[in-house]
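Structure provided below as structure tokens; questions to follow.
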Amino acid sequence: MDLQSVASPTGFVIGALCGLVPLIIGIRRRTFGPGLLGFLACLFSGFACNVLGGLPMIVLAVAVVISYTYTDRDDPFLSRATIEEVDFEETFGAMITRRLATLGRSIRVGLRALVRNKAGFLGFLGLAFFFMLTIFGPMVIPYDGEPHYYDRRQEGAITLFQGPSAEFPLGLDWQGRDILSHIVHGGRALIVTAVEAGVLTSVIAVILGAIAALVGGLPDRLMNAVANFILTIPQFPLLVVLAGLISFKDRFFLALLLAVLDWPTLMRAVRAQVLSLRERDYVEAAYALDLGLPHIVLREVLPQMISYIVISTIFSIRGAMYAIVGLVFLGMVPFTEPDWGVMIFMGRSQGALFSASAASMLLSPVLAVALFQLSLVLFTRSLEEVFNPRLRAGL
Amino acid sequence: MDTLPKDVVLSVQDISISYLAHRGRTQAVNRVSFDLRKGETLALIGESGCGKSTLSLGIIRLLPKTGQIDQGKILYASRGGEVINLLDLNNRQLRDFRWAECAMVFQAALNSLNPVIRVRDMVYDTARAHGRTDREATRKRMLELFRRVRLDPDRVFNAYPHELSGGMRQRVLLAMGVLLDPQVVILDEPTTAVDILTQRTILEVLKELRESMGFSIVFISHDLSIAAEMADTVATMYAGEIVEIGPVNEVFYRARHAYTFGLLEAVPTLSSGAQDLISIPGSPPDLIEPPTGCKFHPRCPLATPRCAREVPPLVEEAPGHKVACFESAQVLAQSQRLAESQHSPAGL
Amino acid sequence: MRKVTLLVLVALLLGSVAPVLGQTGEAPAGTFYGAWPYFLPPDGHLNSFSTGGPASSLGLYYRWVELPMAYYLAAEADYEPWLAESWEFEGEEAFVVHLRQDALWSDGSPITADDLIGTYAIGRILKWSDFNYVGEVEKVDDFTVRFTLANPSLLARHIILRTTIRNMTVYGDLAQKALDLYASGAAIDSEAWLALQTEIKEFRPEQVIASGPFIYTLDDVGDSFMSLHWQPNSIFSESVQFGTVQIWYGETEAVTPLVLDGKVTYATHGFPPATDQAMQDAGLRIIRGPYNYGAAVYINHDVYPWSRPEVRQAMAMVIDRAESAFLTKGLSALPVQYMGGMSDGLIQLWLSEDEVAALNTYAYDPAAAEALLLGIGFTRNAEGKWLDDNGDPVAAEYTFQAEWADYGAAAQNAVEQLNAFGFDITGRAVQWQQLDEDIKAGNFTLSVRSWGASSPFPTDQLNGPLRSWNYTGLTEGQTGLNFPMEFEWNGEQIDFTALIAATGAGLDREVQQPFVAKAVAIFNDLLPVIPLSEALTNNPLNENLASGAPADDDPIWRNGGGSADNYITYLALKGILTPGPDAM
Amino acid sequence: MEARPDIQVVDSQSAALWKTLRRALTGFTARTLLQGAITIWAVMTFTFILIRQMPSNPVQIEAERIVREEQLSYDEAYSRAAALFDFNPDQPIIEQYVEYLGRLVRLDLGQSITSAGTPVLDQILQYLPWTVFSVGLGLLISFTIGIFVGMAMAYWRGGILDNVVTAIASILFGIPNYIIALLIILILGVQLGLIDIANALGRVDPTLEPGFTPEYILSILQHALLPVFTYVAATVGGWILTMKSSTIATLGEEYVTAAHARGLSQWRVLTAYVGRNAMLPLVTRLAISIGFVVGGSVIIEDIYRYRGLGKFLVTAIVARDYTSMQGVFLVIAISVVFANILADVLYGALDPRVRVGGKER
């Protein structure tokens, strides 16, 4: 997956082309507003992520556009027909339309939930900010990677560090480079890898935890043994040795490695929680109905634990971010700049915190990570509203 | 000062309850009134989402934060004969009122027991919250009540909820409900999640308890056969409103509201096969933007243009039998036909 | 003989009186605040032969407790006698040391030849590298010791004179066992030898008997600081102006706040430039003395095109060394001027002006570098990237030590500059121990490590990278830099190993000089590694806590900041450094 | 007795807790312990091989140090270092392993390689108590604050407390602990002079005689203040947010409403009904954290010169002191395994549904 793509003119064209689809459908169905919005959404996401952003957005936008006008004439609950008269055979096209409309409705419900909770919306805006920063920021702020040795050296200074100024809002780093440009250009790889690692961690933990608790017996014992083993082996020596053996070209495998080392804690919590939940009426009922493990996990157990799992995922993401900072310096991934992780490590080893004019190099990426985490945490408020209907209704 | 007829213990007067939802206010209960007399069992029947549970939560003032009682009064006659409006109570008084005066047994038996503490701790908690600090006395009373609901008292008393079967839990809840000798017990679907034999046991012990202790019951159910067996009075709720209320035989044999009749038609009996069952088509209405006129009219097979226009008032058409339906005469005719075809409409 | 006995008697007498005398001496007021990551008991102990003992635990402050025989003054390339009074070579076979006769241990007894002989007896069991040069160690008289030389060189003198002498009241039993074992002719890896080795290492003396003006016990070792206390009997007890030395515990990050807060007289933690700046801003004086080594580009000579001297010469011309030095350590690194494999100061000391002028200084000149590369058939592609004469891109991975801020910086800057010239270089941080292994195994293309050496001898400096990191100094199967040590140069067959060895052989500098000049010229031309900068100390000196430090141009600062021959040791023990207003 | 019902309740409850604990413990078969032992053995073996695969070895590292400090050439330094250590890099690893196991069964952790003659056990005993004290105290405080604040936030969800604490907790938890520690020292100590960083750091005032004197204990507590505070600051956000999310799920439970319906006091509902259930997922997390208490918090111990096992371990890793490292890792492995067993016991005690040896499907 090419997650390194940046906003580009090609993307703009792709976005515009993609946007035509919802626009035309919108015009034909006489829902001009949503059609136009769909066009803009496709334009934006195509612009940001090329085909990867444009195509999925077509589906989403079309779904929303359709959902405005779609009425399900065959809905047995809305029609007065008796059961015999209802036509359950529908054409493929009709089915797609119906599915799309359903999807569109959920998107609308989700979006409404998103906007409704103020704190959650703030978190959403924060995430959007980071998205814009890393996708569109590079178009506005060029990367400043050349060391500007003489022209940026201040009188009497023995480093090229400089504190924030009007010209360089976040100051200059140890090589006299603009920190702001490094913040803008250096976040994407770290964020993407960390989010991958966090999500992978949670997925592994939830699946294994649920299997351990619901299946029990040998798989349970085996998984506990593995979890204990991973928890107990000293990670630093392990990583040092691994770094000598392997180096990653693809950061996805780095994320995978982090996930493999990180899942046991959450897995144990999930396992314990599922052990409690499995006594619940609805889980017992699901068992009795023989609905199968995936169903029980996805439909019965997960919603119950969703907010706990989401917050754990966020913490895994944060953990992964700082772990990557360390791993870059164990040589597991090529040392590429600009990168927040490189900034954090260099900032620390250059003693940036001790000098007022240098602190920005270390604190800028750290605060960026902290604010990113804050946005995620706030955003969970909205997610809770979407996923936990009980909360929607209040206590 | 409000007054109540002498034998009325609980009087709900013109109560409306709404929830603050995303799209606006959901009118969950709309101008509901009824009286509950001493020793009487009132069955509230209706589909899920019709406001039965909200109403009962409203009575003990346990609505979620987003829910509020917009108008009306809930009057309660204490044993001393004092009449209080529950809506005037402060938190402290409310806590005293709950359970000691009016207990509520919730729908999902396991889920209303704290899974991590023993039954006895819940019992002690309850007793202590109402100033009964004599643990030994509490224990004795509880054991006695357990015996009465046909539970092995010592075992159950010291058990954790998950160690009990569904039926046992339900009976534990029943027994706990009457621990403080309340005047009113609200039972929210007490027999949903249990098998048919357990259901019988529960109903039997409930009857026994009612006889020996003399409390009044508000019985919430969508199971008409059980309602018929237990209730003195039946109220049908639809879309937050009571559309028909009357003595049990009157309502079941001479239903006058199309919705009640629809519910009766949907009851399986031994004599009728499943293929004869007729369900009420459609689903309960949107309570934020309810239909005009009679809220049932979009689903009603007898609906006339008038039904869509005007709201039918609740009028007493037979002694103690009130109904809100313009076509009650037609319904009555149909239901009598039905009663004839099935010797016992609610019979099991 | 009688005279000697008499002397001993007098000395012993003096010794027994000395403690009484000593107690009348008042400890000077004032505290010196140092900082060092010393060992805490049980890892820390008082056996200075074993790791964790004073020698390895106290850093530069060790020599404030146990004195060496002489102190090397780098600027004069000569020694100042401390525990020794004088010394001389006996032809090429032996080196004789005469100890001072008035030097006492802290318990009041005199420091004698027995102490020195015992020290070396134990050192022999511990396989001290001194025995690469030294054969027998014999007592001539109570204050004279004769070292027979296995390998006569000025280096042997350097090593012997700077050895600290240990007290035989403490180590006497072990020394006797060591002497007996050696006398028995036991093989060096025999059971008995190893057993004694272990016994020595595991020996835990109960006290330190100091020859320096400071002494301590394990009770003085706390977890946040330890203290050394003045004792009256040392040859420096009179001159030293500090009554207490308090050593803060901590590594760089922990010590920096203390330094900034004015709680440290002097620290030696190798602070990064930003900290350097902050210390200056806080009004501290920064001492910049030489290390005689610095960062260099290491090259794997097995990898084409880096094996071509022209490529290395071009690299030397496209990396702006002034920029590199500044980014590496701020003002605490100087761009290398002569590129001769020896510190610039030493080159000036050893080479004639003409010889110096003949060296290529590789001034920053991308145009010249371009011409040089085009001249050997290299080309630039459309994007301006270099292709070698086979048409392959001039690309490499440049590995550097993740933990070393200065070398990391040097490497990153070199990557930037080489890429700006049109090479295709990727940086990769590697844990430093891993990188060591990688370089030794030849598992690298470009990397960064030191040229030169901390030693003031041309041999050591030239050997710096070549003995530790080239195949000649490594074990079998390791290729390291794989810089060929035998080659043709200017039409002459050169054995570089032998040439470098010749720069240090014998006792006559005049004989060595031409070899030095030739080796430097060869290094300068072939660039086995490319020196970038020469490191300086950036040790903060707090003048509120210590006064009297001489001006920046004083020759003493040329001594550098290592633990041996440290300039602060000299200034403090000689009493030049006195407690400042805040240290009283 | 009747006059003091509360005490009686508490007594009987703690007795009940004790009883469940005991029952949970007896549920432990030899199998659990055997599993623990096998895990420890497996980890020990794995670690044994692992740390010897790390690049370089003790002798090389010491040689580097000597080169740096003593102005000797590398070979000279190497031969000096080699003789100083009881370590033969050429000995086959299997031989080393068998030797180590042999000593281990006699509970002998061996001697430090880099500090010959110093038993590893002595080293561990020197540093372990301080780490367990400071990090353990920090964990305890952090967990307790997390539980209560998290619960309060969930209860008044969307209120000012919730929003303010969420912001603070997220940001604090997003900043690495060494930055918090350094900022405390730099701002409170160096800039504002509120902390005497020269004397407030370390483990205890070195001029005091060790012993159970009030001064000594007070000094220990004073010196632990900064590390414990920093540790709490760096971790409390995690506990708060996790507890909050866990409480939210619990607040919607039927039994909470039911408890209110029974007229229980707010406090009782919050503690016994909401809190106890919401804490369950955190208990596992807590137990795992307890396991890592002995590993210490390396950077905080370094910056505050609070010398504990974490700092010691790092020193040992840097010096490649295999035996010392192995010793510390063994202690960590044992504590993690026991903490996990503890987690099961504790979970069982708190949640009767998951009791060990309980019903299995």
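Lettered A, B, C and D in written order, each chain numbered from 1.
The criterion applied here is as follows: contacts are C-beta pairs under 8 Å (C-beta built on N, C-alpha and C of every residue); 3 or more make two chains touch, one makes a residue touch a chain.
Note that the coordinates shown come from a computational prediction; the quantities given were computed from them, not determined experimentally.
Participant: What's the farthest chain from subunit B if centres are computed as the mean of the Cα atoms?
Facilitator: Checked the centroid distances; the maximum from subunit B is C.
Participant: Between C-D and A-C, name the chain pair that shares the greater number of C-beta pairs in contact.
Facilitator: Here the pair linked by more C-beta pairs in contact is C-D.
Participant: Relative to the centroid of every protein C-alpha atom displayed, which chain's own C-alpha centroid is closest?
Facilitator: Closest to the centre of all protein C-alpha atoms: chain D.
Participant: With centres defined as the mean C-alpha position, give me the subunit C-subunit D separation in Å.
Facilitator: Subunit C and subunit D have C-alpha centres separated by 40 Å.
Participant: Round to the nearest whole Å and give the separation of the Cα centres of subunit A and subunit C.
Facilitator: Distance between chain centres, rounded to whole Å: 52 Å.
Participant: Give, as an integer number of Å, the spacing between the C-alpha centres of subunit D and subunit A.
Facilitator: 30
Participant: What whole-number Å value describes the gap between the mean CA coordinates of subunit A and subunit B?
Facilitator: Subunit A and subunit B have C-alpha centres separated by 46 Å.
Participant: Note the residues in subunit B that touch 2 or more other chains, in rising order.
Facilitator: Counting only residues that touch two or more other chains, subunit B contributes 108, 111, 115, 162.
Participant: Could you check subunit A for residues that touch two or more other chains and list them?
Facilitator: Only 240, 244, 276, 279, 354, 395 qualify.
Participant: For subunit D, which residues are shared contacts with two or more other chains?
Facilitator: Touching at least two other chains: 54-55, 178, 182, 186, 280, 351, 353.
Participant: Mind pulling up the subunit A residues that touch subunit C in the complex?
Facilitator: Interface residues on the subunit A side: 145-147, 149, 157-161, 174-175, 240, 243-244, 247, 328-331, 334-337, 345-346, 349-352, 354-358.
Participant: For subunit B, which residues count as touching subunit D in their complex?
Facilitator: Against subunit D, the touching part of subunit B is residues 57, 60, 62, 94-100, 103-104, 106-108, 111-118, 121-122, 124-126, 128-130, 133-135, 160, 162-163, 176.
Participant: Would you mind writing out the residues of subunit D in touch with subunit A in their complex?
Facilitator: Per the stated touch rule, the residues are 35, 38-40, 42-43, 46-47, 50-51, 53-55, 157-158, 162-163, 166-167, 169-171, 173-176, 178-179, 182-183, 186, 238, 241-242, 244-246, 248-249, 251-252, 280-285, 288, 291, 317, 325, 329, 332-333, 336-337, 340, 343, 347, 351, 353-354, 360-361.
Participant: Once bound in the complex, which stretches of subunit C touch subunit D?
Facilitator: Its residues touching subunit D are 39-45, 50-52, 56, 59, 125-129, 132, 159, 197-198, 201-204, 222-225, 248-251, 253-254, 257-258, 260-261, 263, 431, 433-434, 436-437, 453-455, 460, 463, 467-468, 473, 562-565.
Participant: How about subunit D: which of its residues touch subunit B in the complex?
Facilitator: Residues in contact with subunit B: 2, 5, 8-9, 13, 16, 253-255, 257-265, 268, 272-273, 276-277, 280, 350-353.
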